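Please find the structures below.
Below are two complexes that have chain A in common, paired first with chain B and then with chain C.
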Partner chain A sequence: MADAPPTSVADTPVVWRSAAGRSVVGARKPSRSTRAWRVWSSAAIVTAVVLAVLIVPPLVDLDEQAVHLADKLLPPSLEHPFGTDDVGRDLLLRCVYGLRVSLLVGVVAAVVATVIGTAVGALAAASGGWVDRVVMRLVDVFSSVPHLLLGIFIVAMFRPGVWPVVISVALTHWLSTARIVRAEVLSLRSRPYIDAAISGGASRWRVTVRHLLPGVLPQAGLAAVLMVPHAIWHESALSFLGLGLPTHQASLGTLVQSARSSLLAGDWWPTLFPGLFIIVPTLAIAGLAGAWRDRINPRRRSELML
Partner chain B sequence: MLELRSLTAGYDRRDPVVRDVSLTVAPGESVGLLGPSGCGKSTLARVAALLHRPDRGRVVIDGEPAHGWRHRAPAHGWRHRAPRAQRTAFGVVFQQPRLSADPRLTLTQLISEPLRATGRAAEAAETVRELARTVGLGEDLLGRRPHEVSDGQLQRACLARALVLRPRWLICDEMTAMLDASTTAALVTAVENYRADSGAGLLAVGHDKVLLERWCDRTVHWGELTRV
Partner chain C sequence: MTSAPEKAAVAAAAEAAGQGRRRLPWGPMARLVGRRAVFAVPVLLTVTFGVFAVAAASPFDPVKAYAGTAGLTASQENLDQLRANLGVDKPLVSRWWDWLTSALQGDLGDSSTLRQPVADAIGERIGWSVLLAATAFVLAILVGSALGVLAARRPGGWLDRGVTSLAYTLEAAPPFWLGLLAVWLFALKLGALPAGGLTDTSSTAVTAAQVTNHLVLPAAVLAVSQLPWFVLYVRQGVGDALGDDAVRGARARGLAERTVLLKHAFRSGMLPVLTLVGSRVPELITGALLVETVFSWPGIAAATVQAATSVDFPLLAALTALATVAVLLGNLLADLLYGLADPRVGFDG
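Coming up: the complex of A and B.
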């Protein structure tokens, strides 16, 4: 009996039978060590990214906008690890600055979106009746419009810059949070402790703020973190389309956009590195958020839901 | 005088759980309501505590009908329809202490929450200490959260919360169903001491015939209420 290798249900692949009768082997739930590795590597990447964007700009006295036409489109070397772009600007420096802008937009937009979503969801659920119906139908209407389209519409009303992008991303991303928060509040609202609070003289406001909202904060926080990668992609997409930040200002989207022209000439580095800077940090943030969700709700299948 | 006048209530208008039930609790009187599980006695208790809007009939408190129910309000808003003064005239103790305590509050906060909600936070510390002694909660337990105490201890805290605003009516919905004999005795004693002190009326709902007959001035069977 001693030290028999544990064979648990979680180790065997899940076999689903599809409608056609063929068996489909689902992905195995990652083992404990894989998950731990994923969490720690995500944490390391996020830490490195945060340190880079916080420390590099004030410490390194280099101008990321300085043009050196003699050094244009140099491939990666020791002097320029990521190479230079078509006007000779150092790409590593521009990537770090771009990530700084993208992270700022992502975090601020996610926080604003979560605040809006939580307020709207809680208002709908705690009011009930026609307020609930009208508000949630409005949410349905907004979510039926593609995010990017609505975002473009909002950005187009302002001069290009960071804050219009933040507003655009925040105003298009609060809808799912509103739904999550409303559902949570509706389920909390029927608990006996709410009855007890009402019987104890609590006003509707007090019940909401003191008993309902604290109960949904974990979910809202998780939704906020899961939204950061989304917001970063959105910012990149808007900038790539030329609607976000002005082209001279480094952001991951503008970097990829301006690199497009040289890609066909065989210069791969101006596209590759900003692209990696979009993908790797956002995956790391999503990995951390996924680990957090597994902690809150361990029975749920672990997969990246972005 | 708490009068429940020909109440019909439930969760589906076409199939009410409580049909045309009348019951009166005189001031200072204790009434035990006996019935099997699922017969609707808890729903009746919720209606009596103004936590559930009846489909028909009315609750009359000292000759004054409970407010806010005559309007065809959407089903959701009813719990806040009755004015605060009427809601706080009732102290309610529910069957399951785990579900009726906010898991994020310490027992002190739990007990004093009604005082804070009604703008009397200043007297909270003193009142909580006194009430904890009354219901037999040790001082060391007061800083803990619901998951750190037993069901019996938590139910004592819930009773203290029900008593903190000194209600004129106590409604105990299967208050002792999950508890052992000594805790049951202690809780019943605490309720009786409070009633002797304040002259409050009591509606105790349960299925323990022996307990309710010893505890209450009179007991009513659910069958008698619905047949009349």
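Coming up: the complex of A and C.
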């Protein structure tokens, strides 16, 4: 897309003085150093999360299921930084194991959803005509069912276990990726190099797979990364409702669910920390994905994250 | 037909909005509603068929679920007889068609978990859900707009940075977690509000005062979970509008900052928010499901979870169709509002 020439005065940056005498600038983006700080802190958190998830379970020889009834519901202390739950299990360890399960479910679901979405979007755009219309109309139709409700329905039909949760999240999240990929393929299709490939005698299949799909991958990858927090959120919601993973398996959702009875007795820490383990990685992933998007498409820099 | 008092009220509202005696475009609005109603038919057909197809593809066997442990010892003839009685021996399309035709006559089947007709089960719960969701939505729009305007006023200022960071954090926070923490703080620590339910456990009658008291916390939590989008959209819309020629013109004429912000920038910056109203309905339903569960609100969430746990297919199918209708209604409402707010757009969508 070529940049449109400025059509009004509003496109030229002008500094205004507001009533309070403070300057109001047209382009309101954070300074370079603020952005760099954001990217680096996000990267640090994501690295820490990935390391914790990959390294702690095999290296640290601690049993997260170990029950110490004498130590039940201890508030956060040096020995147990997040406190202990109602049967005396260390919550920091439970949270790391929970994050491991949630992240695994989130990543697998996001990958499956992205593959489905990319395939459907590319198929629609490359086929054109009635296939495109029918497929995209179906995407519209299924976008009007609330994700969680459709997810609950799918889980109810296929449960119990981890895979029904993954399938449920994947099947409800590919719709937006299909839209993004279709739009991207349509815009790429009018590029000269596609015309060159077609006049060189490339088949429709070859043009799609060798020339269009590689061009779409950055956008699809970005959508996949942004989908991981959504998928984790979705998994935790299902687990909280008692429809996701089995209760004994620590995931961030089941941790919050099993903390409910302790909370009603006045102990806040079993509820607080698993929630923080959802929020902080979500913000970090969104921060990194935002930086990546700025690199792909600087014009959208001021738009909303997530 | 609209009655005379209604017409007077509409005219008064238009007057109050400073629009003079501009008449509402009833004709185009009715045509939009009609077109959407026609469009809703294929959507609902597809969604319900999809629901039946997923059920058919799943390993779940309604006969075994119905028979329970007796199904393990029952003879094959008995099972086949049961299969025929339940109507699940027919092919997918005819089962779907049977359900659809009886649904159109008001019979949505019987819920196996709640032991009552699905229509009754939904009918006695939907009102409470709508009350909660509507209260929270209005609250989210009002508070979100106010915070968004405040943030847009000084882009990059401490208020802007604080509100934006808070919005991103709340966006990432699961509503059920917010709800639980709110219960801990307001019900257990401060003892200011009830922790859940619709009325006090000791009382038998449902009074308005009791319901209001029990509504405050769930509605506030649901509103807070929906708040980020409204804050960010209003901030973006008003921020962009502050750079518009019309707003510069207003500033150049020496109008007060307050007038510029509220009468000029806010009015044009609110337009994208109206589309958001429509697109947030699915998330509102999702959030309401979770918040209702936390607060044991007697709405449809409890029924949904129960239906899902014991695979109550008729209830699940009806709830999915109902949620789809709610989303379509939300989209329609947003388009009607947008057409009214911005006459350039009209009602052609």
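In this text, the second predicted complex is superposed on the first by the 274 of 306 C-alpha atoms of A that agree within 3 Å, B and C clash if a C-alpha of one lies under 4 Å from a C-alpha of the other, contacts with A are read in each partner's own complex, and residues count from 1 in each chain.
As a convention for this text, a contact is a pair of C-beta atoms (placed from the backbone, for glycine too) under 8 Å apart; a residue touches a chain by one contact, two chains touch by 3 or more.
Note that the coordinates shown come from a computational prediction; the quantities given were computed from them, not determined experimentally.
More residues of chain A are touched by C (comparison of chain B with chain C).
Of the two partner chains, chain B is the only one that A:P214 touches; chain C does not reach it.
With both structures placed on the common chain, the touch criterion links A:S199 to chain B but leaves chain C unconnected. Of the two partner chains placed around the shared chain by superposition, chain C is the only one that A:A237 touches, whereas chain B remains out of contact.
Once chain A of one complex is fitted onto chain A of the other, the partner contacts of A:I278 are limited to chain C, with no touch recorded for chain B. Contact with chain B, but none with chain C, is seen for A:W130 once the two complexes are overlaid on the shared chain.
Judged by the touch definition given at the top, the superposed model places A:V145 against chain C, while chain B stays out of reach. Note for the complex: chain B touches chain A at residues 46, 49-51, 74, 76-77, 79-80, 84, 87-88, 90-92, 94, 96, 99-102, 104, 113-114, 117-118, 158, 161-162, 164-165. Within the complex, the chain C residues that touch chain A are 42-43, 46-47, 50-51, 54-55, 58-60, 153-157, 168-169, 171-174, 176-177, 180-181, 183-184, 188-189, 195, 232-233, 236, 239, 242-245, 248, 251, 256-257, 282-283, 285-286, 289-290, 293, 304-305, 307-309, 311, 316, 319-320, 323-324, 327-328, 331. Residue ranges of chain A in contact with chain C, taken from their complex: 8-10, 14, 16, 18-20, 22, 24-26, 28, 30, 138, 141-142, 144-150, 152-158, 229, 233, 236-237, 240-243, 256, 259-260, 263-264, 266, 268, 271-272, 274-275, 278-279, 282-283, 286, 302-306. Residue ranges of chain A in contact with chain B, taken from their complex: 128-130, 132, 191-193, 195-204, 206, 210-211, 214-215.
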